[in-house]
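There are two complexes below, and they share chain A, which is joined by chain B in the first and by chain C in the second.
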Partner chain A sequence: MPTDLTDILHDVTVLHRFVEFMDDYCRGQERSQTYADSSGAFFSYVRSLSAGIREELPRQIELATRFPSRLPILRSRMLTLKRYLRLLHALVKPAADAHVLTIPAPLINLASDQLMTVEAMRGSKIVVLLASELMYFQWPHTEIKIQARFVQDFIPSAVFPPKLGFIELPYSQGPSFFTNLAIYHEIGHFVYEELSTSVPANPGFSRLRSRIYKSLKRALPARTKDPQALTVALRIIENWTQEIFCDLFAIRLVGPAFSLSFIEMLGMLGFLSRSSSIRFNPTHPAPAFRLAEHVRMLRDDSWWDAIVDINPNQKKILEQLAKLPSSSYRFYIDEGRQGLQSLVTIFLDVVTPAIRSLVREVTKNAACSAKQFTRDREIIERCLLAGVVPHKPNSVPLNPVSIINASFFFYLTSISQLIANFEKDGEHTKVDVHSKWTKRVEMWTMKAIDERFRKVKVATHGPPTK
Partner chain B sequence: MVLPRSEILSRLREFPVDSPQSLVITPLIYDKRSDIFDADSVDLRLGNYFLLPKTLDQPYFSPDRSSATALHDRVHVPLGEFLVIPAHQTVLGATLEFIKLPSDVSGQVLTKSSVARTFIVVETAPWIHPQYRGCLTLEIANVSNTPVLLYPGRPICQLILMSLNPVRKLAHQDTKQGKEDDVETDANYFGPVYPEAPKFRDPEDDLLRIGITRVASLKRVDLIRSRKGWNRKLAGNV
Partner chain C sequence: MTPIDLQDRAQYLSLALFAQQIVSVLMEFVDEKKSAKLKSALEGALNSLQRAKDPTALSKSKATAFGSYEQLRTLEEVWSDQDRARAVRMIRAVLRAPDSPKSREIADDLIALFSELQNQALWNFEQPKPVSPRVMQRLCQLT
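Take a look at the complex of A and B:
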């Protein structure tokens, strides 16, 4: 801890250089790559913060030189800044890695646009981060916002963009399309965090929270009077609530394609065995229960009827796991220790119905349409089977959610047929050939979604009459 | 025979996408028909992705297996932004439009005359085979003495379509795509939506096909000083 002005001058210089490096890094990246607007807003914030710090710190040193009594204030501000910069530092590099060439940009743009249709989320932005871990993750941003406000008190030029969320994708899945549909779940976390911490409180979330609390109070006193146990139980139920909220939110926005990508991801992580699929843990509900909720939502939204004749193996897995009886679910605190089973019962019987209604309320203007999918599906499949970007030459642009779902089912059921159409006989059994054609289907799908945006932005028409 | 506008429009509108006779150009972006349809051609726009030539770490380029990844840096230029092509430099771009040619039609891509007058040359290998699918990779060269700005989304070239003569028997719709008797699609360059780097085999593999079993190769040699003088040591392929 610096004790006098010389020491604090050294400390300030180190910080000055630190923010200068961060600023240079952001500028360099932005010059050489294209980023989504949201990443641009984040980099711009980092740069304005950096400029503000470099302007403000010398001024503070000058003041402290003239008035030594100000040294403690400067020290405390330095601490606040350091804590905050450590947080930002962890975000800047993964955000810089996530440029248009390394992420599924059309999917991210679409998801961002869909998020705008969630009434309470207008004006929000998603910054994509590329992470080294093989998982999707939403960075809790409330802490960043709180610290940003502290910093803004003495660097007023650095205003943290409102409603900015951070979502991490595994770098290995970067530009791939189908597995990255998991981002819709992470966007759900962003929405949940934003709305559950909003001021004034969002009425739907307040109702849900009080329902959780009341049901826990009713269920637990007989077993324990310990308030700490109640807090832990509350935390666990809130974790489960958030996961189910996010799954259902994703399904409302993007339909069954989300469930399929979820199964792909679980398969990749090795969580599809019966024994692991029935396990609740303190952070996540059992995959089997999650899938049962997926199926329920898909049925309620008429998606199940729309996909009744498409039967990839992933859909069978979805059905099988969803059918497991709720009596088979088990709650484990860790590998060997069972948790309080009644928490599962409360969650299933009391909390989950409230989550369903809340998701419907939040997404009332954002839900995708199974009817539209039924209308668009045939032309999309025909295009893909003909090796062509999905499009409708004579009418309105295809619905992007229809494109995503039809392409996903095509990828799961018809890649071999596509290969057989264009490759030599026998090639359809080769892994590298499958991989090559999967990549093509993903590229065509993204191109189709991208075209839809261009057509919306530029006045366009189908081919004219002669 | 060059396809007239009426035939182009008919191929775009009147055949299902999986028909061998269908022509696909997507997206079709225009205000007035005359914006992109001429009497005998369709204008195509410049896409957002480019492959910029890298500065090589060797004194020349050898077209071999490594050229697909070793030659270029991929960049994205959003709509509304521009790419500067320095004087006497080249870049690979692609059309914004994804096209599919019918099985009885070949295509040729030409630089739009207005663009050509800025001494930007698009395409030195302009021929497109029947049944081609994908965004067209454009070899763009600035042969002028000044840098030129290229804006993605602007028309850059025109597609001219020609029916095969004599008109070959069209495959029925139930015939496998691309597998009709005399027309096969090249699976290597099938369906790209970005500009594609060249795909070569190694020269020895190509030449072996015509019976050549001895092929000259340029290898980089390191000189290593020892007590006896300079020794030559193979550093690897160049």
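Take a look at the complex of A and C:
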């Protein structure tokens, strides 16, 4: 056998064993754990791709035998397919780790339900991934979908599930609740990616893109107008656009609780000092600007009035940073070099107003209600202070966004009072006691949301059958 | 947040797959005399090369590549301006007369060009590079 043919046979065999393993792994995980439907759809894709590749590989050997001059090209083809599998491989394990016992299922169920009320996102599915990094991510799926379409030319039976997105949570935070509100921002990335690349094009996103392109061309100096510099400038503006879109999307769906959890996370990452908070970088707008947009949206949606009498430290930080003048914002392209300030100017003056309108348009049926929160808040707080799962005496389900917000504010302002109700004097200063009662508040909150979810499900579909 | 490193690598992989699709269609055309997917694949390549000149041009055409920095940079690494112009001419020639025997010769040259692009994209996938200092300098405030 010619050496080159031996080489490709080796490549093909390695690939065959690799996809066989991925197939077995997905099958084994699904047998031993319970997953959300979305993860099942992803595993099915991986398995059908594996089966399709195994079927196709003998044809590659046949081509190599018939057209030996094409051997280098056929080997590149195998290599390209392996790289695609490598990216999928990076998703399979974290998806397999995220079975129903390791993720905040009530919150994920609620967020998925809310996502269905975003008109253009009906039928979409979120695959949860558990990550080793202490950070929340939305795994960009646009490129995966583009790649999957190319791969489908080669393996026609492998069809990537439509409207499938990937949200990554740190594995340590899987069972907690309040910090996981960050997933609403990540779902915003999913929505943005999905709608900004939809076919036919979504009119709102087309308008936004057109506005970005036109303003960039007008505002940039001639030296930046070579294609490479333009793509980088464009990506910077698009990164900022997505971040603001996602923040506002999250606030529209879940209210001020998102802003509070965001402040907690910025504090943990060390981005709350004045100097850090005014810095735009190539991937993110300045935290102070983001918070100013939070406050603006909360005011416009009447949330600010609804929480006027609740003043945890996080809200004060939010107000202080939001008040910093926009003239103090600076753009740094890296640690030491200041980037073109005109990019910030375009973004603030031209792009951000368009993002605000777009978010309102996208979430017009999904927005949460500050009025409902005002009505529900007292009873939720009373339940939590009494150490019981928030509920109404008449068994009408409480609004889930009211539960989240009232519980979050309770967690930030009233844990000591709760401890005083149940523990001996002096216990309220002990860290382990605080930690225990915080965990309980989170559990009651999740339980209340889960109860509501089940009640609504029973009301819609009838009681579960045996 | 988005994992930036992965996003950048994914751009190279998409380009490799794009180039592979063109190569596969051209190979079918040259070696197996099949041309069912030829027109749509080559038109996609033409649109993408057009977009490479101005990534911010709003177009209704289906450009599937060269909209990102990583893909443009890879293109510039492997094809000169003359190569690009030659590729466009060759694609147009094949599209104009797919049944001509000359078109198969031209298609063979195109296979070589797009294979180079695919291999460079695969290389960059393995060795992703930061944005070039030249480009970064252009986006800096002049002092």
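Going forward, the second predicted complex is superposed on the first by the 414 of 466 C-alpha atoms of A that agree within 3 Å, B and C clash if a C-alpha of one lies under 4 Å from a C-alpha of the other, contacts with A are read in each partner's own complex, and residues count from 1 in each chain.
The rule is short, and it goes like this: contacts are C-beta pairs under 8 Å (C-beta built on N, C-alpha and C of every residue); 3 or more make two chains touch, one makes a residue touch a chain.
Every value quoted in this text rests on a predicted model; they were computed, and no experiment measured them.
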Considering only the touch criterion stated at the top, classify A:101 as touching first (chain B), second (chain C), both, or neither. first
Report the partner of chain A that touches more of its residues: chain B or chain C. C
Looking at the overlay, what does A:21 touch: chain B (first), chain C (second), both, or neither? neither
Quick check for you: in the superposed arrangement, does A:393 touch first (chain B), second (chain C), both or neither? first
Name the contact category of A:189: first (chain B only), second (chain C only), both, or neither. second
Just to be sure I read the superposition right, which of the two partners does A:234 touch: chain B = first, chain C = second, or both, or neither? second
Going by the contact rule at the top, pick out the chain A residues touching chain B in the complex. 33-34, 99-101, 379, 382-383, 385-389, 391, 393-394, 420-423, 440, 443-444, 446-447, 451, 454-455, 458-466
Of all residues in chain B, those that touch chain A in their complex: 5-6, 9-10, 12-13, 16-18, 24, 26-31, 33, 37, 74-79, 81, 96, 98, 100, 133, 135, 176-179, 185, 187, 190-194
Over in the complex, which chain C residues touch chain A? Could you list them? 1-4, 6-7, 9-11, 13-14, 16-18, 20-21, 23-24, 27, 31, 37, 52-58, 64, 67-69, 72-73, 76, 111, 115, 118-119, 122, 125, 131-132, 135-136, 138-141
Enumerate the contact residues on chain A facing chain C in the complex. 66-67, 70, 72-73, 76-77, 79-80, 83-84, 87, 90, 135-140, 143-144, 146-147, 150-151, 153-154, 186, 189, 209-210, 213, 216-217, 223-224, 226-236, 242, 283, 333-334, 337-341, 343
